[in-house]
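Can you keep this structure in mind? I'll have questions shortly.
We call the chains A, B, C, D and E, going by the order they appear; numbering starts again at 1 in every chain.
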Amino acid sequence: MSFELQASLHARNFDMSLSLADGETVAILGPNGAGKSTLLGVISGLLRPDSGSARIADKQLFNLDDGTRLWKAPHLRGTALLAQEALLFPHLNALDNVAFGPRSAGASKVAARETAQHWLAEVDAMPLANRKPSQLSGGQAQRVAVARALAAEPELLLLDEPMAALDIHAAPLLRRVLKRVLKDRKAIIVTHDVLDAYMLADRVIVVEKGRIVEEGPTRDVLERPRSHFAAGLAGLNLVTGTLTEEGITTPDGRVFAGQHDSGWSPSPGQAGVAAFPPSSVSVFLGDVHGSPRNSFPVTITDLEPHGDQIRVRAAGGSAQALSADITPAASADLGLVPGMDVRFVVKSALVAVYPA
Amino acid sequence: MNRRSTFGYHGVPRWVYAVAAVGGMLVVLPLVAMVAKVNWPQFIPLITSEPSLAALGLSLRTSAASTLLCVVLGVPLALVLARGEFPGQRLLRAFVLLPLVLPPVVGGIALLYTFGRQGLLGKSLEVAGIQIAFSTTAVILAQTFVALPFLVVSLEGALRSAGNRYEAVAATLGARPTTVLRRVTLPLVLPGLASGAVLSFARSLGEFGATLTFAGSLEGVTRTLPLEIYLQRETDPDAAVALSLVLVAVAVAVVGLSYGRRRGSAASGGQA
Amino acid sequence: ASGAPEPSNGSATGQLSGTVTVFAAASLKSTFTQLAKDFEAKNPGTKVTLSFAGSSDLVTQITQGAPADVFASADTKSMTKLAEAKLVDGTATDFATNVLEIAVPPSNPASISSFADLAKPEVKVVTCASQVPCGTATDTVEKATGIPLSPVSEESSVTDVLGKVTSGEADAGLVYVTDVKGAGDKVKGIPFPESDKAVNTYPIATVGTGKNKELAAAFIAAVTGEAGKKVLSDAGFGTP
Amino acid sequence: MNRRSTFGYHGVPRWVYAVAAVGGMLVVLPLVAMVAKVNWPQFIPLITSEPSLAALGLSLRTSAASTLLCVVLGVPLALVLARGEFPGQRLLRAFVLLPLVLPPVVGGIALLYTFGRQGLLGKSLEVAGIQIAFSTTAVILAQTFVALPFLVVSLEGALRSAGNRYEAVAATLGARPTTVLRRVTLPLVLPGLASGAVLSFARSLGEFGATLTFAGSLEGVTRTLPLEIYLQRETDPDAAVALSLVLVAVAVAVVGLSYGRRRGSAASGGQA
Amino acid sequence: MSFELQASLHARNFDMSLSLADGETVAILGPNGAGKSTLLGVISGLLRPDSGSARIADKQLFNLDDGTRLWKAPHLRGTALLAQEALLFPHLNALDNVAFGPRSAGASKVAARETAQHWLAEVDAMPLANRKPSQLSGGQAQRVAVARALAAEPELLLLDEPMAALDIHAAPLLRRVLKRVLKDRKAIIVTHDVLDAYMLADRVIVVEKGRIVEEGPTRDVLERPRSHFAAGLAGLNLVTGTLTEEGITTPDGRVFAGQHDSGWSPSPGQAGVAAFPPSSVSVFLGDVHGSPRNSFPVTITDLEPHGDQIRVRAAGGSAQALSADITPAASADLGLVPGMDVRFVVKSALVAVYPA
């Protein structure tokens, strides 16, 4: 393992441990206040946890356990941080901003500028070299900030929602740049956007309330989410309960039939989840008797357009929020309005059931 | 970019301007009154007399020196107060601000008790062959003592409002604290530092009580412009008023420039 | 807002009452404080308010409308200035004299014993600037003795000279006899014969704009009277 | 919520602390020296003597009054300087700051030329039966003159850093400018106003030169504590030092409290 | 017409005119720096244009034309503004924040509090009444800010990206609240999110570089976009050119065959656009000869996951960016990588052609 961390900070109810392999990029997903920025702060040395330790390869970043009080200052860690705001030094032009890292590492002015030019070119920002930060758009500034972080040759690159402040036109360009530069690099990227996780990360970690609640390869987590947060991001309905041969049983006794992975069967009482896309849900008025075995009375809370479909959001008896995607025509036929009691029916063939 | 306010709302009620005018009058009228009292035909000869010029020259030299000293000592103090965290920080701030509110004569006495021949440090200094009393050094020391808080207060404010986000980024880019200070912190707060320095200079220029008590008053050595004014007043109030006006003019120019410059650079450095 | 300007309802027998405001030179602080206390004790119902500052400051204040009834100056020049401003009632009375004395720290580090010793180059001597009365007196003595001094500082008041000596900063200073006496054991006085070349005279007068002239006259009488003379000479003042 | 910094990076180089210590010494040592010189056995009798108590009482009363005046006049001035836009704004700021750097004696002269019997306004006032010079009113006026800049500078800074976004929102919600001022602006800058007022109070307390020149030195009427100290120095330097210490103690307490309070509320009002 | 505005501000290259019917909600869409916030500033009186005029019903808000210099102060306009940050007054609790408007209008303390309670309940925020803003989450604060704006009973409500700072869980809740309260209200909402436009607005206005480039009923604009910005938001490919009987001809002579509206034919030389979803585009290697008549050589710039598809972004010869959605399997079969030259083929039946 190339990077390892274990840290807790009681004041922020923060306690995580994680590790990164060489060249691996990990995406951190989680709601506001989950502790994502706190994690990056602890790694970069801007925030001191109460206890724990971290190291990159053989270099100990900090060790506050076992009575040792080792604490490396941020500038000795090799962990460049890029946040939502580019925070380019306003008194330096783009080139000198990028040259800042090499200069700080002791390179000559000329050498640092050369390195800076290399990295500016790498993020397609050479024409901006002589502009002051105040003359850059948000997207341009963010690309220069990426170049600046990379020019410092960090062993671990930390990105805190680098695209959150950009508009829909600037974000894809930066994402493309990041995809290129993060390829063989250790990096941790905090994001709210599942696209970032798909495109940039080898692995995702979902955090909630200062704890890691789920982690795994990006596809696994987003296609077979185990946390409501991840399911929300992936656009899936998620129902938790106990695994059975048929599917799962929810705590209030409802049975969700679904498909297990082939050749696998649950141990009795094992916790599991059932996940299914809103497009697999049909909406009916009144009772139904048909081939789909999963049918639940719910109350509509909301109707929203969703692409060329209508997304029907509803709360089930077990207070779990479910959604269904139906055509506008079907919605109009049924006369759906918020507050209406309807029945959601899911074909069990489309429900994936797996351990939580 | 998002930080920049799109709007320029100024909702100051009109009566506020009226009260402000009264407040402004309180300050401006005395100056007008002074100008009115000046014996204009004699103005130029009065202010170009030999002692006046000597005093003005000495004032400018010592004020420049004490401003330098204020910068050298005040920048670290402001940094420590704005960024550091240590026990007694509040007390240190109160102490550093003290010369702002201390009657300068008392400040002069205190300096005498410290650097004077029989003072706390003075004894050791005398053994080392350094004599401060009655020298231009004493003037500079007195001026630094009273002017230091101006620099520290201005700069601490600038440091606090600049925040430490740029510094944190610089550190993660591998910059040692000293590099961060030199290449990020100081350039960012340059306007605050400049206006602090200018205020210090102006305060040094006006310093009277502490100098009189601590340094004495000898033409060309320790008699600065305010001391000359005080002395002239005994015999020739006209000359005193004329000299005061010179001091006022220098101070207004210096303060006006300082604040003008600060606002200008605040506008252009808006992203911070 | 100043002392209540009650009209004195004094009858012919001189039953005094009300408040009298006395502007006195700073060097008269201790004596006039004593004299005022004595005066109030002798004339129940009266109050003496004292204001001390440099003589020329006081003149400026009175011409600018300060509510003074009596002005006691440390030099004749200031009194003349006030008279020129037509603010003196009648003529001023000289009530005390003062002469210069050398003040040295108690240990007398430079071993001063005469005026001539002050001219030694290694002696740090502090004097008054010639713009103020004590400085004028110093100039006179210098001229009379033919010994020019090169002071390390020419202060703008006697107090500042004395301050430099008591703090040990200066080896010697030229101040008034009364200042040396007032400073107690903090300084040592060294009289020198040439001092009588520059005798400083203290005049006192009623102020023209004063509100309580009767009481003012009474206070001046007390200062120039026997009791007053005693207090003044105890403090080291001479008689004119 | 997003505004709050997640990090608390403090990267002050260690040598900065060393230099800051030297700077701190320059201010702290003289005070220590003064304390060392105090004649402790006589301290209590000295400071509780009748004239001392009269002077302290007068100082506290006049300082309170001038602080009030500073708030009344200074809040509008700061508002106009921070929010308004008018020609001559820069000049007004320079003038308002002038008393900071003017030798107080010169300030006193200028006040005398304005409110004195033969002054600019004094003549008209005298006709109206109002005499200002050499009364307690004059003391308050002199103190206000020198203390006003402290309030204006503190408050203008607070107003600028608070920005006008809340005010703009309040206006679109239908609040008249006066309502905005009362219910939004002032509550938001309260910490800045409080510390400005406290600094003004402290500066008023220490005011000496302008008072002496403009108000005179009459026991119980115009002789404030610094004037009493100056006068005591004539006869009894020990007493002067002891009284100075009282002044220093009051000033340190007041400044310490002020800055302590400001930082505390800045933390809780972090959203702004 | 109930609200009308015409204004220009040269310093920001801003010149727009628009009007709102009673009860109408308009969404303003546009890239960063397009002048959206500037528009709201001009309406609310926080920003003074060089010329123009505006009125709500009979009330003139400003009139800087014809030598008149009428300028109503913000508090007299009845146009409450709600921005990305809630900007709740930090020294007042939620209830008093909401009561601020009524109080300013002269209501008694008690009456204002009652009104405030009504509006807090309206946005489901009654339990928060006594909290200080620092104790509210972003979504909660924003809901209270909505209540505060409504309690001021504005004749025109201005919303400047009210959901931009909220996370994916808080945004739907606020959107639901807004949907309810904006129903019969004149409102202008600036947004970057097409969902807001769909759900909340009757009409959208697309602005670019300080000018209105497109406007119309939400569905029309988003389903038949005429500007690249709107097409980008709607997730459609857009090609501009001259209308022909067959479809359109691009400036570089390429022909896009597509479907006109039935019973309509273009006048010669009329400008038009062709719009088609990425899912209607197939990707081929080498030349193709088949039924689809639209086939173009393009260079792949990017591959991104998009739901369960892969979105292939490519630049055509006419430098217009196009995208295609294909299955991961197809992508793997073809061995697509960025930089590859391929052919995009679009069935003309799926291309909508209409005047620009």
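Simple rule for what comes next: contacts are C-beta pairs under 8 Å (C-beta built on N, C-alpha and C of every residue); 3 or more make two chains touch, one makes a residue touch a chain.
Treat the numbers as computed from the prediction; the structure is a model and nothing was measured.
Undergrad: Can you identify which chains form the pair with the largest number of contacting C-beta pairs?
TA: Counting C-beta pairs in contact for each chain pair, the top pair is B-D.
Undergrad: As a quick test, compute the distance in whole Å between the mean CA positions of chain B and chain E.
TA: From the centre of chain B to the centre of chain E is 53 Å.
Undergrad: What whole-Å value do you get for the distance between chain B and chain D if each is reduced to the mean of its CA atoms?
TA: So the centroids are 16 Å from each other.
Undergrad: Measuring from the mean C-alpha position of chain A to the mean C-alpha position of chain C, what distance in angstrom results?
TA: Those two chain centres are 86 Å apart.
Undergrad: Would you give the residues of chain A that are in contact with at least 2 other chains, written as numbers and ranges?
TA: 32, 46, 73-75, 137-138
Undergrad: Touching two or more other chains, which residues of chain D qualify?
TA: 1, 7, 9, 11, 119, 165, 168, 171, 176-177, 180, 233
Undergrad: Give the residues of chain C touching no fewer than two other chains, as numbers and ranges.
TA: Correct list: 60, 163.
Undergrad: Which two-chain combinations qualify as touching?
TA: Chain-chain contacts present: A-B, A-D, A-E, B-C, B-D, B-E, C-D, D-E.
Undergrad: Once bound in the complex, which stretches of chain B touch chain C?
TA: Going through chain B, the ones touching chain C are 109, 112-113, 116-118, 133-134, 212-213, 215-219, 222-223, 227, 230-235, 237.
Undergrad: Residue numbers of chain B touching chain E in their complex, please.
TA: 1, 6-9, 11
Undergrad: Quick check: in the complex, which residue numbers of chain C touch chain D?
TA: Going by the criterion above, the answer is residues 1-3, 21, 26-27, 29-30, 49-53, 57, 60-61, 63-67, 159, 163, 166, 182-183, 186.
Undergrad: Spell out the part of chain A that touches chain D in their complex, as residue ranges.
TA: Those residues of chain A that touch chain D are 32, 37-38, 41, 46-47, 73-75.
Undergrad: Please name which positions on chain D make contact with chain E in the complex.
TA: 1-3, 165-166, 168-177, 179-180, 183-184, 187-188, 190, 268-272
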